[in-house]
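Each of the two complexes below includes chain A, the first together with chain B, the second together with chain C.
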Partner chain A sequence: MTVAALPAVALGELLRSMADDEFVIGFSDSEWTGIAPLLEEDVAMSSLAQDELGHAAALYGLLGKLVAANPDALAYDRQPGEYRHCRLLDHGRGDWAMTIARRYLYDSADAVRLEALAGGTWEPLADLVGKLIREERYHRMHAGAWLERLARDGGEARARLLLALRELQHDAATVFTPLPEEAALVGAGILAMPMAELERRWRATIGPVFAELDLPMPPATRQIERGRLDHGEAFRWLWGEFTAVRRSEPGATW
Partner chain B sequence: MATAAELEPWEVFRQEKDGDPMRHGGSVMAPDAELATHYARELFGRRQESVRLWVVRRRDIVDLADLDLLQPPLDRSYKKPGGYLMRDKLAAAREISGESKPKARSSREARSR
Partner chain C sequence: MVRPIAARDPDPSAVRAALAEVADPEIPVVSIVDLGMVEDVRVGADGIHVVLLPTFVGCPALDVIRSAVELRLRDFDRAVDVRFEYHVPWTSDRITPDGHHKLRASGFAPPAPVQADSPVLVQLMTPVDCPNCGSDRTVLESAFGPTQCRAIYHCTACRQPFEAFKPV
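Then we have the complex of A and B:
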C-alpha cells in the first residue's frame, strides 16, 4: 500500500494506542526490579519489562515516521491526558497477584490484537507484528504459568488474585476500545476486523482458562468508548516517574 | 502448591550454536520444571546467547564424587594411552646400577660422529 493511500489518522491512533500500552505496562512492571518475590523472578520480570519497552520503541519509531516526530518526544514529552494506553493499565503496580492478573489479561488481549494485524496490508506494521508475536508468546507462557499457580493455591495467593481480578474487571477488555476511524483500518486491510469482534475472540480464548481455574470472567466494559481516556492518579504518578529525568533538563542530549 | 520453601535448584546446560556441545551454564532456583525453564531462558538465553537449553532438576542427577572410585591411590598410568610413565622407573634403575644419567650430546658432537 502506498503511503498516500494510508488511512493516516486511524493508523496513527492504532500505533499510538499500541505503543502507549507497551510503554505503560513496561514501566509498571519495571517497578518490580529489585523487589520481586525471588531473584530469578526479579530477572524474569525485569527482562519482560525491557521487552515491552523495546516493543514500545519500535512502535513509536513507526509512528514517528508516519507523523514526522521524534520517537523519544512521542514517548516522553506528552501530558498525562495525551496518552492513549488502555485503562486496564491504570491501576498502579499493586501486589504480585495484581501484576500477574494485569499481565495475563493484557498479554492475552494483545495476542488477539497482534493476530489481527499480522497479515495486514501495510508492510512495516505487518513485519513488526510478526516479530512481536514471537516475543509475546513467551510473555503469555510466563503470565499463564503464574496465573495458574496463584489460582490453584487456594490460600492467600488465590484470595489476592480474586481481589485483583475484581479491581480490574471493568477495565479488563479496554485493550479493545474502538479506535477513532477504525473502519478505515479494516477497509484498508490493515486490521483484520473491528475491535468489538476481537474482544469476542479474546473472550473465547480466555474463557476455558478461567473456567478451568474457576475464576470469574470479566463483565462487559462500561463506556468502552472511553477505554483509553480518563487516566487517573496512578497513571499521573507513573508519568511523573518515567518523565522525571527527561523533564529535569529539557532538550538535553543523553 | 509452590511456596518459597519448596524452591529447589535446577542445573542449566546451554548450546551456543548448532553443533556445539551442551555446556553447563549455571543453575536457577524454581518450584517446578515450567518456571525453571522460564528462569533458565531469562538467565541464560535472553541476550540471544543460546540456541538450546537443557534444564535438569539437580536431585535427578546421579552424582558420583567418591575418590576411591575416581582417584584410586595406586598407579593407573598403564591405563593411559601413553602407557607406563618410564622416567621414575629409569631413575630408580640407574640408582641401583650406579650409572649416571647420560648427558645430552651437544650438537657439535652429534655432527662429528
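Then we have the complex of A and C:
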C-alpha cells in the first residue's frame, strides 16, 4: 500500500494505542524488579518488561515515521492526558494477584488484536506484528500458568485473585476500545475486523478458561468509547516515574 | 561520481566473512552469522548494504551490533548501511549448526527446533540435553533468564543449572 493511500489518522491512532499499551504495561511490570515474590519471577517480570518496552519502541518508531516525530518525544514528552493506553492498565501495580490478573486480561486481548493485524496490507506493521506474535506467546504462557495456579490454590491466593478481577472487571475489555475512524483501517485491510468483533473473539477465547477455573467473566464495559481516556491517579504517578529522568534535563542526550 | 578503475567493489562473500567475526554482544562465543541474523548483503555503487534480523524486537544489543558491523566493515573503504528489518521474522531455527556447536561448547544448550503448532510450555518442557554432561534428564526452571533469548534449566544428572536458548 502506498503512503498516500494510507488512512493516516486512523493508522496513527492504532499505532499510538498499541505503543502506549505496551509502554505502560512494560513500565508497570518493571515495578517488580527487585521485589517480586520469587527470584525467578523477579527475572521473569524484568524480562517481560524489557520485551514490552522494546515492542513500544518499535511501534513508536513506526508512528514517528508516519507523523514525522521523534520516537523518544512520543514516548516521554506528552502530558498524562495525551496517552492512549487502555484503562485496564490504569490500576497501579497492586499485589501479585492484581499483576497476574491484569497481565492475563491484557495478554489474551493483545493476542487477538495482533492476530487481526498479521497479514495486513501495511507491510511495516504486518512485518513487525509477525515478530511480536512469536515473542508474546511466552507472555501468555507465563500469565496463563500463574492465573491457573492462583485460581486453583484456593485460600488467600484465590481470594486476592477474585478481588483483583473485580477491581479490573469494568475495564477488562478496554483493549478493544473502538478507534477513531477504525472503519478506514478495516476498509484498507490493515485491521482484519472492527474492535467490537475482536472483543467477541477474545471473550470466546477466555470464556472456557474462566469457566474451567470458576472465575467470573468480566461484564461489558460501559462507555467503552472512553476506554482509552480519563487516566486516573495511578497513571499520573507512573507517568511521574517514567518521565522523571527526561524532565530533569530537557533535551539531554547521551 | 566517477570512481577509479582500480577501486573494485568488494566481493559480498568477503563481506559475509567479515561479518562472521562480529560477535553477539550478549553471547560473544557466537557471531551474528552463527545466529542467522544476516539476511542480506549487497554491494553496490553506493556502498555496502547489510540487512540484519533482530533476534528479539526489544534486544538492547542492536545499537552495539550496528556499531560493531560498521567498525568491522570499515576496511572495505565503502559507505556502510546497516538495517534491521522484520519482513523475515528471525527464529531460533536460523542458528547455524556451527552456532549450535559453539553454544554447546560454551555451556549453553542450543534451542530445540520450533514447533509452531504446539503450546510454548510444551516446547519448553521438552528436555534439552545438558551442555555440561550431555544427559537428557533436565527440567525447566524458568522460561525467563538473564537476557530475553535465554531460559534456565536444571540437570538432574550432574546437578548443575544451565541456560538454554529459547525456541522462538
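Going forward, the second predicted complex is superposed on the first by the 254 of 254 C-alpha atoms of A that agree within 3 Å, B and C clash if a C-alpha of one lies under 4 Å from a C-alpha of the other, contacts with A are read in each partner's own complex, and residues count from 1 in each chain.
The rule we apply is simple: a residue touches a chain if its C-beta (ideal position, glycine included) is under 8 Å from a C-beta of that chain, and two chains touch if they have at least 3 such contacts.
Keep in mind it's a predicted model, so treat the numbers as computed, not measured.
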First, second, both or neither for A:142, with chain B first and chain C second: both
Touched partner set for A:233, first chain B, second chain C, both or neither: neither
First (chain B), second (chain C), both or neither touched by A:40: both
Chain B versus chain C as contact partner of A:154, first or second or both or neither: first
Touched partner set for A:82, first chain B, second chain C, both or neither: neither
Partner chain in contact with A:127 - chain B first, chain C second, else both or neither: second
Chain B and chain C footprints on chain A, overlapping residues: 40, 43-44, 47, 138, 141-142, 145
Residue numbers on chain A that touch chain B, as the complex places them: 37-41, 43-44, 47, 138, 141-142, 145, 149, 152-155, 157
Touch list for chain C against partner chain A, complex: 54, 56-60, 85-87, 89-91, 119-121, 124, 141-148, 152, 166, 168
Chain A residues touching chain C - in the complex, by the definition given at the top: 40, 43-44, 46-48, 50-55, 57-58, 123, 127-128, 130-132, 134-135, 137-138, 140-142, 145
Chain B residues within the chain A interface of the complex: 1-2, 4, 7, 28-30, 34-35, 38-39, 41-43, 46
